[in-house]
Each structure stands twice: as C-alpha cells, then as structure tokens.
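Got some structures for you, see below.
Look at the two complexes coming up: chain A is in both, with chain B in one and chain C in the other.
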Partner chain A sequence: MEFVRPDSIEAAVAALQAEGAACLAGGATLVAMMNADLVAPERLVSLRDVAALREASRRPDGTVVIGAMRRHRETAEETDLRDGQRVLREAAAQIANPPVRNMGTIGGSCAFADPAADYPPALVAADARFALAGAEGRRTVPAGDFFRDWYETALEPGELIESVILPPAPAGTVGSYTKLARVAGDFAIASVALALGMDGGACTHLAVAVGACGPVPARRRDIEAELLGGPLGNAEIGRLTDALAEAFDPVDDVRASAGYRRRVAPRMVRQAIGEAMQKLGETQ
Partner chain B sequence: MTGEPVTLPVTLRVNGAERPVAAVAPWTTLLTVLRDELGLTGAKRGCNQGVCGACTVMIDGEPVRSCLSLALNCTGRDIVTVEGLAPAGALAPVQQALAEGNAVQCGFCTPGILISAHALLRRNAPLSVDEVRAGLSGNLCRCSGYKKIVEAIVRASEARP
Partner chain C sequence: MKIADSFVVAAPVERTWRAIRDPQVVGACLPGCEEIEAVSPTLYRARIGVKLGPIAAKFAAEVEVLEEEPPVRVVTVTRGEEGGRASNLRSDNILTLAPADDGGTRVSYEADMTVTGRLGKFGFGVMKKKAQSLASEFAGNLEARVNEAASGG
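Right, the complex of A and B next:
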C-alpha cells in the first residue's frame, strides 16, 4: 500500500488512475473498513491538501457549490444554504455525532452510498448535481442518477467527486430532513427529505425523497408535478405516499424490518409535510 | 506515478511537542502511533471503528476519532491527547470536575469523554443537560455512568468565571 497527498484536483485524478487506487477523504468510512480488514487499497490518495475541495460558495443566482471535502459540521452550519436548500443542513446535522461530524465529508459519504445514510435523500430532494472529475475530463450527474444501487454510484474508476451543486431554492420554500433512528446519530430506519413551497393554499414547490426504504432514495417527480398548483390535503398527500410506496424496496436489517419501514415511511412523509406547512403558515 | 516505500518517517505535533516516528505504514492510525510508538496510552482502542469514542483526541482544536485518522494524514496538525489537557501533575478544570463528581467507573471511556467535554466547555456559557448530552453523544460509557458525567460537566460549565 502506498500513500500520496496531491495538492490539486488534477494531481489527485492522475494519482487515482492506478489500479487499486482509492480516495481518502475524512476517513470516517474508509479507515473504519481498513481497520476491519474489509478493504486494503493499493494506493491511498489523500485529498486533504486539495484546497479547492474544501470550499463552499454561493453564486449570485443562489446556486450553492459545496466542495467534496466539506465536513458534516461545516455543512450543518452552512448559512449559504437557504430556503428549501436547508434540507441539506438538517441532514448533515443529524449524521453520527460531533467528533465524526468533525471528520466525515460530503464527498466521502456520498461516494460510499449507504442507502441508510442522510445525504442521499437530502441531495435528491434538493435537485442537486454531482460534479465529477476524471481522466477524461469533468461532468455533472444529477443526484437521482448518481445513487444507483446498494453502495453503488455513477462514479467511474479513476473519477472523484469535486463538489455537489444545489440549484437555488425558490424564495419562501422550506427544507426539512426528518430521520427515524434507534438512537440519535444512528443510520436511518427511514428518513424524509422535503422541500416545500405554498402560496395561498396552493402548492408552488414540492420535492420529497425517502431514504433507507430501498437501494436508492425514493422520489416520485411525476406525482409531485401533478400536485403543483393545487391544495395539499389528505387526499393529495395520500396520492404521493401511495406512489412513493410503489418505489420502495426495503429490506429487513438490524435496525428494522422491511414491513415496519413500509408502515412508518408514509406516516413520516405526511408528518413532514404537515410540519412544513405549519412553518409556512398554511393549514392542511 | 512511481511507487513509494511502504513505510514513511513522520513527525507529529502532539501536546505541543514535535514527535518523530521512524517508520509509519500508510494504514497505521494516529491512535496506533500515539499508543504504540509514543507511549501516550490515554486514548483507548475500544471498537477501532469510530463508534465508541474512547480514542477521541483533538486535532486543530476539534475532537475527532484517532482510530479513523491515518497518521500520515496528520502531519502539520496540532494534536492534543488527554495527557496534554494540563501540565504533568495538574488537572484541567474538566478533569477536576469529573474527579470531584465521582464521575468515573471503570475509566476506559474517560479520556475520550474528557476531550469531548473540554471542547464543549470552550463555549463560554453555562451548558444545559441536553447540550452536554448532545456534545457527548459520540462517547459511549459501557458502565452506563452517564448521569454523574453529565452532571459534573454541567457544574464545570456553571463554575467558570
């Protein structure tokens, strides 16, 4: 095993082209797996010295770019994330515990792509895109296409995550992330990421992604689009939760049974929408 | 890129002192270097998975897991272990508070608890029970002695000038 610490994205990509190379971000996942003898990369490419990956910025139009090496604690406190984008702040704040949030990064967590992790549904609900860099150049991938399956992403060998890009959220929308877990900081039994806008009783913005109920976050953009412009009452929310349930593919694991996840997730969606409407001063 | 030697010499800044280590393998964690090379056995190897918190140290002023930090990634950083919280023979306020509160049972989690609590106490305000519990949520006590630990830290936060 060799260890390299490049100081630019270009040098990091070059170092990643070797067979068996792996990025080392915060270490919260990769080093734990190395300690457990589950993985032993032939070359560790530490991204610690790549300053560009540690930055976050807000463009004039409200787009927020978060470098892959931003840590959970920093994202939880990111004041550039506003309105519906706040779904990402709330997700980051609920990851693990303070020391792990001081280490773990958004790029590292997303590259691992645990379906019960907190970022995947939040980024899908925020309509985020991943900016990737590889030997062939740069490309962006929508979050909904980035997360492909259990621990599987759109990253090609030799590619790394440069940043996640959140589009502007319409002013006045709210973002929230609700997690049901055995104890605070555990991986989710189920989670709901939401961005919602209402105006005079009519839905102006709706994005709901459910985590930990399948290999990738569940989202039904088709039903969301149909609900825009109308009220969000019990019937409308029921249509959405029924459609989401069709997209669920939960498993039994140490945290909960598949059946429990199917029962609890629609209720969490209903509750999250209700709480968001209260924040917006709307009645259901 | 050509291959590099499997082990590298490294110098870490620990508790204010530059500490050279002759040969460190890429997979060697900071915790292993602290305990096995530098003789600083305060930080404990509990789970070695980042879950239990017994290995918690401060890097650049923030509590982190030394078992999840690779030693080669820690050069140029300011590492503080429980041994560095106060000069030899003295106790930091947080150590004094846990001692006076009898907030130690087997003691295995105590070094990690002290680091997390020390970071919490830098916020210059009295802490509520909930704030302390949230701040210590990454530190497990298998003796389940949380009540006295939390009470001692709350008291320490109230006692500050």
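Right, the complex of A and C next:
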C-alpha cells in the first residue's frame, strides 16, 4: 500500500485519480475498516496536510463553511453555527465519544454515509450543500441529493469533499438534534434533526430530517411547506410524521427492529418539536 | 437471513420456466454476475461481484439444483467463497412459478442466506436490504428479458 500526503486540494485530487486510491481523513472509520479487512485501499491519500480543509468560516450573510477535515469536537464547539444551524453542533456533540470526536472528521463521516450516523440528518435539516472537488473541477450538491443509498453518496471515483456549506438560518430559529441510542455514543436507533422558527403561534421555518430509519435521512419538504404560516398543533405534527413514515425503510439490526424504529421515530419528532417550541417560548 | 418476494412476468409459465433454467439468461439478469458456466444440467459455476458502499467482494459461486418439478418449482443451493478473503456465503433457495391472472406468470422466491467471514462483521440489517434490492433488480431484468423474447416472437 502506498501512502501519500499532498499539501493542496489540487494535489490531493490528482493523487486520488489512481485505481484503488482512497482519502484518509481522521481515520476513525477507514482505519477500523482496514483492520477488519473490509477494505484494502492500494493508495491512501492523507488529507492532514491540506490546510484549506481544516478551516471553518462564517460569511457576512451568515453562511457557514466547514472544511471537510474539521473534527467532530471542533464542529460541536463551532460558535459560528447559530440559530437553526445549531442542529449541526448538537449532532457533532453526540457522535461516539471524546477520542472519536477528536479524531473523526465531518468529511470522513459523510463520505462513509452510515445511515445511522449523526451528520446526515443534521445536514439535510440544515439545507446544507457539499462542495466537491474532482478531476473535472468543482461542484456543489445539496445534502438531500448527496446521500443516495445505503453507504452510497454522490461522490464520483476520484472526487473528494472539500467542505460543507450551511446557508444562513433565519434569526430566531432554533436547531436541535435528538438521538435515541442504547448507550451514550452508540449509533442511533433513530434520530431527529430539527430547525424550527415560530412567530406568534405561526410556523415560520420548519425542517425535520429523521436519521437511521432508512438508507438516507427522511425529510418531507412538501408537507413542511404546507405547514408554514399556520400553527403547529397535534394535527399538523401528525400530518408531518405520517408523511415521514412513508419515507422510512428501516432495517432490523442489533440496535432495534425495523418495527420499533417505525414506532419510536414519529414520537421523537413530536417530542423534538415540542421541546423546540418551549425554547422559542411558544405553546403547542 | 431470509428474503422472500414475488413478481409477475408477462409470459406463460412454460416460457418463463425455460428462461429461468437457462444459465445464460439467469447470468445476464443477475446483477454483478461476470461469468456463468454449466458444469452439468444441475450444477453451475459463476463469478459474482457485490458492492456495498466502500466494500467490494467477488465470489466464486456454485449453484446446485437439488430438486426440480418442471415447470413450477426448483430448489437450489448456492455456495460462494471469496478467494483469499475468507468470506463464505450459502443460500438455500426455492423458486416457484404459478399462472397469473392475465396469462403471465407469478414468480415467487424464498432464500435463506448466511454470510460468514469478514463480510459477516458488517451486520445483516443492511445486507438484507442489499440482497432485497439485488433480487428486485434481477426480477426487473428477467421480466424485461422474457418480455423482449415474447415480443420478438
């Protein structure tokens, strides 16, 4: 196996064009999989010397750009993530345990696209976009299109994640990430990423993505759009959870049965919305 | 892990049966099947590639027909091993054909699969979803193939 350490995005992309090449980010997933003999890359392209990938910044309009090599701990503490964008901080803070949060990166986790991982639903709820770089140039892909199937993403061979871009969240919105797991730090049985805004009893912003209940985060933008401008009572939340349930395709695994996931996820959505409304000082 | 499903092909039972018992047809419809050869009328060898996210596996597989009742039922066992990578799979399969309402054929399958070795570590939940999606891709391919043959006369 060959090990290379390019120091620019261009050099990293060039190094990735070889057959059997894979990016090494924090190593939290890839190295564990190599140890388990699940993958055997012929060339490891370490991204640790690519300084541009380690930065995060906030633009004047409130857009936040997080480099692919930012560690989970850094994202969990990222004060540039405000209002509804805080959904990403909360998700990062609940990944695994401190050693993994010091090691794992947002780009690495998203490229692996574990359906029970914490970032995918948070990024989908935040309306984030992925900035990708490849031999053909650069492009951006909405998070909702980036996650495509079980462990499959929109990344083409020879392409890497440069950053994730979170659009500004409307002022006064709240973001939250709720995860149900057997023990703290485990992969989710189900998770709910939420960004919510209310004004005088009327919903002004609503984004709900459910994780670990299918190959990709479940979100129903059509129903969210219909609920904007009105109250969020039991009936409205029920409409949203019913629609979300249509998008679920959960697995039976060691963490929970598919049936349990279907039962618990709608209740988690209801609870997450209720708690967010309390934070906003609204009554349901 | 067990998977079971059924699909309808717009061709009579006899013709569907011939397609299903033709290794070249099955090989062409099976996602990831790189080659298939008939060792005997009841034993086939195939090379099959499977991919799940970053994990790619290539199996040398053997399909043995244990029982058949033309043109309605066939029981097979598939055994596969992954060269030096030490994964093994075994699948016991039952396939049944029955006339459907519109002159077509309902093809039902049941497979009981075990995977051991390195791929066994990956967790059956997602593997089952993958197996289901491969099976439905196979069904779609077979349907297209049989329908094509039917319209071609």
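One rule holds for everything that comes next: the second predicted complex is superposed on the first by the 284 of 284 C-alpha atoms of A that agree within 3 Å, B and C clash if a C-alpha of one lies under 4 Å from a C-alpha of the other, contacts with A are read in each partner's own complex, and residues count from 1 in each chain.
Definition applied: a contact is a pair of C-beta atoms (placed from the backbone, for glycine too) under 8 Å apart; a residue touches a chain by one contact, two chains touch by 3 or more.
Quick caveat: nothing in here was measured; it's all calculated off a predicted structure.
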| item | value |
| --- | --- |
| Clash or fit, chain B versus chain C on superposed chain A | fit |
| Partner chain(s) touched by A:Pro115 [first = chain B, second = chain C, both, neither] | second |
| Contacts of A:Ala28 with chain B and chain C, given as first, second, both or neither | first |
| Cα-centre angle that chain B and chain C span when viewed from chain A, reported as a multiple of 10 degrees | 100 |
| Partner chain in contact with A:Ala36 - chain B first, chain C second, else both or neither | both |
| First, second, both or neither for A:Met103, with chain B first and chain C second | first |
| Partner chain in contact with A:Ala15 - chain B first, chain C second, else both or neither | first |
| Chain B versus chain C as contact partner of A:Ala235, first or second or both or neither | neither |
| Chain touching more of chain A, residue-wise (chain B, chain C) | B |
| Which of chain B and chain C A:Asp252 touches, first, second, both or neither | second |
| Smallest separation of CA atoms, chain C relative to chain B, angstrom | 12 |
| Chain B and chain C contact sites that coincide on chain A, given as residue numbers | 36 |
| Touching residues (chain side chain A, partner chain B) in the complex | 1-5, 14-15, 18, 24, 26-28, 31-32, 34-36, 40, 44, 46, 48, 96-100, 102-103, 184-185 |
| Touching residues (chain side chain C, partner chain A) in the complex | 52-55, 85-86, 118-119, 121-126, 128-130 |
| In the complex, chain B residues that touch chain A | 1, 3-4, 6, 8, 25-27, 29, 48-50, 53, 56, 62-65, 67-70, 72-73, 116, 119, 134-135, 137-139 |
| Chain C partner contacts - residues on chain A that touch it in the complex | 22, 33, 36-39, 112-113, 115, 150-152, 215, 249, 251-254 |
